[in-house]
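Single-structure report; data block below.
Chain nomenclature is as follows: A, B, C and D, assigned in order of appearance, with residue numbering initiated at 1 for each chain independently.
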Amino acid sequence: MRTMFFTQAVDDALAQAMADDPRFILFGEDVPLLRRNLLVRFGPGRVRGTPISESAFLGAGVAAAMTGLRPVVEIYMVDFLGVCMDALLNHAAKVEAFSGGKWTAPVVVRVPCGGGYGDGGQHEQSLWGWLAHIPGLTVLVPSTPADAGGLMLAALRHDGPVVFLEHKLLSEMWLEFMGSGARRTVQFDVPAEGRKGAVPRRWDPVPIGKAVLRRTGDDVTIVSVGVGVHRALEAAQVLDTEGISAGVLDLRTVSPLDIVAVREAVARSGRLLVVDEDYEGFGLSGELSAVVLEAGISCKYARVCTKTTIPYARDREDQVLPNCERICAGIRRLMQ
Amino acid sequence: MRTMFFTQAVDDALAQAMADDPRFILFGEDVPLLRRNLLVRFGPGRVRGTPISESAFLGAGVAAAMTGLRPVVEIYMVDFLGVCMDALLNHAAKVEAFSGGKWTAPVVVRVPCGGGYGDGGQHEQSLWGWLAHIPGLTVLVPSTPADAGGLMLAALRHDGPVVFLEHKLLSEMWLEFMGSGARRTVQFDVPAEGRKGAVPRRWDPVPIGKAVLRRTGDDVTIVSVGVGVHRALEAAQVLDTEGISAGVLDLRTVSPLDIVAVREAVARSGRLLVVDEDYEGFGLSGELSAVVLEAGISCKYARVCTKTTIPYARDREDQVLPNCERICAGIRRLMQ
Amino acid sequence: MAPELLSLYGPMLRSRLFEEAVAKLWNDGLISGEMHLGTGEEAIIAGVVAQLGESDAMALDHRGTAALLMRGVDPVSILRELLGYPDGLCGGMGGHMHLFSKEHLAASSGIVGAEGPAAAGFALSAQYLNSGAVAVAFFGEGAMNQGMLMESLNLASTWNLPALFVCKNDGWAITSRSEKMTGGDLNERARGLGVPAVEFDGWDVLEVWEAACAAIERARSGQGPTFLHARCVHLEGHFLGMQLLRIVREPLREMPEIAIPLARSFLRPGGAALRERMAGLKEVLAAVLSSLRDPRRDSAYDPVQRARKTLLADAARLQSLEDRIEQEISRVLKAALEEARP
Amino acid sequence: MAPELLSLYGPMLRSRLFEEAVAKLWNDGLISGEMHLGTGEEAIIAGVVAQLGESDAMALDHRGTAALLMRGVDPVSILRELLGYPDGLCGGMGGHMHLFSKEHLAASSGIVGAEGPAAAGFALSAQYLNSGAVAVAFFGEGAMNQGMLMESLNLASTWNLPALFVCKNDGWAITSRSEKMTGGDLNERARGLGVPAVEFDGWDVLEVWEAACAAIERARSGQGPTFLHARCVHLEGHFLGMQLLRIVREPLREMPEIAIPLARSFLRPGGAALRERMAGLKEVLAAVLSSLRDPRRDSAYDPVQRARKTLLADAARLQSLEDRIEQEISRVLKAALEEARP
C-alpha cells in the first residue's frame, strides 16, 4: 500500500489513465505550471494552458468530448462556474437527450471547491447540490485520497459529463496555493484522513453512485460528503462518549444519489442528520429528506448546512460552515 | 374591477411604479420593441435596448442598482441565465453580505420561463429552485395576473435582488411571440385563470414570501407554483369526484418560502404532494419535504416534477412536465 | 478552383424548397415552437459546406437546417424531427433549435454565441487527432456581442485552431438593428482577437466559395482560424410569424392591434415629457420603417434568385435540375408525412 | 494641468507602506486566504484616482486596496477588515477580495472581468442621474480575455457611458504569460468594441495622470468611454507566497521540492516521446526563467522609486512628507492591532 496526499492521488490516477489512453487531454488556466508533473510526462499537446475565458474553453471541452477526445477541463474554483454555466446547463448536460441518445459529451470538469481557509464568500462555495439539480450531470465529491483517485478514474471512463469536485481543505496543493501560501504561521482544521491516506498500487475505478458507510451507528444516520464526512466522524466520536451511536454515510457521489444506501441506513436508525457544506436551501439536504419520505420511511430529520454567504472572518466562517459542535447539537436535539 | 392578461398586468404594475418613481429604468434585448408601450410613455432614456451581452448588462443592472437606480433587467429566457449567472451568484446575491449589510442591489430580473409550447429543452426550463439555492436571491413565480402585477410591484420595492419569473404559458405576449407566432393552427393547454383575470384598479404590492391557499382540502395538500398551481387545481377537481379532498397551496414566492403556511397545511392533511415544473432533484420539491420534516411533522409525501431534459415532441413534453393525470395518480397512491 | 455555379445552385434551391415546405408545415400548426428559417443565407452555407469533408465538423445556430441538408443529413429525418416523431433525426427530443447529427459531426444550439466554444472544441479534436479536418461555426452578427463567442475567437487564435468563424450579417437581431448595438467594426474586433477577417457579399455564392476556400486551406494547413464576415438578408425576418414583418406585409390587419395600446400609452398621464415620448415613438416607428425599407424583397439579395439569373443562360439544364429538386422535395414531404406517426 | 509630482507621490508611498504592512500581517498569519498586493501599480491607481470626485465610482479587482486608500477610505477600517474584525470596513464579511465602501462608491470583485459590468452599471447611474460623474474599472490584461469584460466595453460604447476601462498590464496572469494567451492587440480589440484606446507607461504617474485626465474629460463631457492601457510590474508577483517568486528568491530551498517530482515524472514510463517531454520541460523552465528575468527588481519600473528619484531634488520637502506618511502608517497599524478584537 502506498500513501498519498489528496490531490497527488487525483493526479496519479489521471496520469495512469493518460498513459493508457492518448485521448485524455488536460486544459485550463495555468494548467502547464499547476500540472507540471503531467506536462513533462505527456507533453504540451496534452497539457495546455488557456486564456481566462472559461466559457470558451469549457464549452470547447464539451465539444471536443463529442468528437473523440476525453478532455479534463480545469476551472480554478467552483464559484467561477458562474461565468460559464451555460456550457454545463445547456450543452454538456443536454447533448445526449437532444441527440435522441445518440451523442454524448464525456468531459470531466475538475474543480476545487469548499471553504475553511478564509478566502471569502466568492471563493469558498461548494455548489454541488446546485450542479446536481441539472439532469444529465454527474457530480462527484470525494472525501479521501483513495476515493479521489478512484472516482477520478471512474469519471474519466464515464460516458457523459462529470463534475469532479476537489475540496480545497483536503487538497495539499490548493490549500498551499490559496490558503497558506507557504506560510507556517497559519493553521486550518484539516481532517487528517482526508488529506493523506492509503491508496492502491494501481488505480481501479470507484463506482459512481455508490455511497460508503464510514461508521456504523444505531441511533442516527449522518449523511454527508467531502469535508462534512470528517466533521461528522468527529461528531460521532464525541457523541459516542454520551452514549449516542451515530453512523456516518459518505455519499461520495452527489448525483446520482445512492438512494438505496440512504434509505436503508435511515430506515434502520430512524433519524437522519444531513451535514452539507453547500447552501442549505433547495439542495442536497432537501433532496435527501425527499428520497427518504418518498420511500414512506418516517424519520426524525435535521440538517447542518451553510445557510448564508460565507463570511470572511475565520471565526465566523467556522460557525457558518458545518462544524462538530453544530452537528452534535443537531443530533442531541434529534435524540430528544 | 378590471381584467387583464398576465403580462399586461405586469407591465401595468411596472408602468404605475415608473410613473411614481423616476429611478425605475428598464433594459434588455429588444426591450424598446417588446415594451414599446412603456417606451412611448417613459422615453428612450428609461427603456433601453441592449446588445446580446447578458453578462454585461445584467452585471450592469446589479451595479446600477447599487448606485441609485432601480433597474428592471429583462433576460429573454431563464435558460439563458447560464451565460450570465455570475452576476446573480457572485454579485447581486452577495453585495449585502460582503458589505457587512451596508450596501444592497435592488435589481429586478424579469425573465420568462417554463414550457408547454414545444420550444425544446434549452428554451423551456423553469430553474426557480436552482436560483433559490443561492442565499440572497428572492425568487417570485406568480400564477395569476393579479399576483403577477402585485408581486412585480413588491419586487420593485424590495431592497435586494429579485428574480421575477413569468411563465410563458400564462403570458399572452410570450406565448404569441415564441409559441404560436400568430398562428391560429396551434393550441396549448393554457390555464384560463392564469392567462387572464381580475386585477385591482390601482396596484398594491402582494407580499413577498406569502403563499395563498387556492383550494381547501382535507386529505392531501398539493403545493406548487406557476402553471403547476393550475394543473393541481384541475387535478383536485378530478379527485373530488372520487371523494378525495385535495387542497392547493400556491407558494407564489419560491424564496423565501412561506414555511408556516406549508407546515400548517401539511400538518392538517398529513399528506404532501409537490407539483414542480422545475427539475425534480435538489430543488423545490426536496426543500419542501425538508421544511416539513424539520418541524417534526410526519406525512406521506410524493412529487410530480420534471425529471429529465424536456423533450421537443409535444406529446412527450406533456408527459414530462407535470400534468393532471400524473398528479392524480400521485395522490391516489398517497391515499392508499 | 471554384466549382460550376450550377453545382452550388442545386443545394441552395433544395434548401430553399425544403424550408418553404417547413414554413408551410409550421403555418399549418404541425411544427411547434419558434421557427427560424435560413432563407436568404443559403449562399453562405452552400459556399462553405460544399467544401467540407467527412471529418469536418459544424457548430450551428438557431438556423441550422440548411447546413444539415447541404452536409448530407437525410431530409426526411429532419422533417420528422421537426414534426416531433420518434424516428426523427433526434428521436423527437431535439427539435428545430437543437438538431444534432453525430454522423455528420453537426451540433446546433439555440444559445446565441455557443457556436464559438463548440467550433473551438471541434477544431481542438481535429488538431489533436491530426486529422487535417476543420470546424466551422455559423452565427449571426448579433452573436458577436456575446462574450463566449469573442472568447472563442481568441482561444482559436492562441491555440492556432483549424476553425472558420462564419458571421452571417443580416443587420438584425430579432427586432434590433445590430449596428446600434455594436461598437466598432466587427472585422477589427476579430483582428483584435488575433483572427484575420475577410468581409464579402453573402448573397453571391461564388464569392463565398472563394473566401471559404482560402480560409479552409489556411486552417487545413495549420495556419489557424479565419473570421468570414458575410452580408446577407433574411427573407423571412427573424422567425416565422414575426410581428414586424406581419406589420409590413399586412399593415391594415396588424397596425391597429399595435397602434391602439401604443397611442393610449403615449397619451397616458404620468411619465416623461412630450419630447421624450416623441423620441420613444420615433424609435418604434423607425424599427417598423426600417423593416419596410428592408431589402427583403429585392431579388438582388436573394442568393437563389441571383444565381438563377446567371444560370438562365442555359435554361434547359437549369430546368432539369430544378425539376429534379422539386420532385425530390415533394417526395421528401410526402415521405415525412405519409407514414403515420409511429 | 497636471498636479505637482509630490502630491501624487504621497498617496503612492502611503499605499506602498500600507501594503507592506499588510504583507507583514499576512506573513505573520494574522490575515487569512490569498493576498494580492498592488505594489508596482500605484502610479496607475494614483494617476486616475487623484482625479475622482464624490459621485465617481470605482469597480475594483482582486488588488483593490490601493484604490480604496487613495479614494479616502479609512485605512484602519481596511486593516481591521483584513484582520477579520467585526468593525472592519465590511464587518469582517468581505475580506481582501471583497472590499466594499458604499460611501465611496467602490466595489471589489474576485471574479476576473467582473469589473467591466460593474463599471458599466455605475456609469449608467451617472449618465441617467445626470451627475457628470464617471465610473472607473481597474483590471489586469488577463481579464481582457474574459467575455463579460469585452461585452462591457461594447455596452459602454453603444450606450456612450462615462466610463474608464483601466487595464493594468503586467504581462502575467498568475503563472501564465498573457501574451501567449492573448490573440491580437488589446488596443485594437478595444477599438473593435467601439472604445478608443490609449497605451502608456504605468510606472510614470504623470503620464498616467495625463492620459486619465483626457479620458475623464471625455467621459464627463458625454463623449463616452476610453480604454486606458498601462504597462506595469507587480513587485510581489501574483500574490504573496507565490511559488514562482519563491523559487526565484530562494532557489536552494524551493527548487528541490519542485524538481524531484518533476524529474521523476519526466522519467516515468508511459506517456509521450522524449521530444514532447522535453517540450513540456522547456515550458516549465521558461516560466521559471521568465520570472527570474522579470524586471521586478529594476527600480525603473517601480513607480514609487521612480517618482522619488525626481523628487530627491528637493530632499527636505520629500523627507518631511515621507516622515509624515511613515508615521501615519505606523499609527494606523497600531490602531488596527491595538484595540483588542471587539
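Quick note on the criterion: a residue touches a chain if its C-beta (ideal position, glycine included) is under 8 Å from a C-beta of that chain, and two chains touch if they have at least 3 such contacts.
Being a predicted model, the structure only gives us computed values, none of them experimental.
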Completion exercise
Relative to chain B, largest Cα-centroid distance belongs to chain D
Exercise for the section: Could you quickly compare B-C and A-C and let me know which has more C-beta contacts? Expected result: B-C
Problem - Chain centre separation (chain B, chain C; CA means) in Å - result: 33
Completion exercise
Between the Cα centroids of chain B and chain D the separation in whole angstrom comes to 41
Exercise for the section: At least two other chains touched by the same residue of chain D: list those residues. Expected result: 90, 92-94, 98, 109, 111, 145-148, 151, 154, 158, 180-182
Exercise for the section: Please set out, as single numbers or ranges, the residues of chain B touching at least two other chains. Expected result: 45-46, 50-51, 53, 55-56, 79-80, 82-83, 86-87, 90, 94, 97-98, 120-122, 309, 311
Fill in the blank from the handout: chain B partner, complex, touching residues on chain A are 55, 79-83, 85-90, 93-94, 97-98, 120-122, 129-130, 132-136, 255, 257, 279, 281-291, 293-294, 296, 298-303, 307-309, 311
Fill in the blank from the handout: Interface with chain D, chain A side, in the complex: residues 15, 18-20, 29-30, 32-34, 36-47, 49-56, 79-80, 82-83, 117-123, 177-183, 185-187, 309, 311-316
Problem - Contact footprint of chain B on chain D as seen in their complex - result: 57, 59, 88-94, 98, 100, 102, 105, 107, 109, 111, 114, 116-122, 124-126, 128-129, 147-148, 151-152, 154-155, 158-159
Problem - Contacting residues of chain D [partner chain A, same complex] - result: 26-29, 32-35, 81, 84-86, 90, 92-98, 109-113, 142-143, 145-148, 173-176, 180-182, 239-244, 246, 258, 261-262, 264-266, 268-273, 275-277, 279-281, 283-284, 287
Problem - Partner chain D, residues of chain B touching it in the complex - result: 25, 45-46, 48, 50-51, 53, 55-69, 71, 84, 86-87, 90-91, 94-95, 97-103
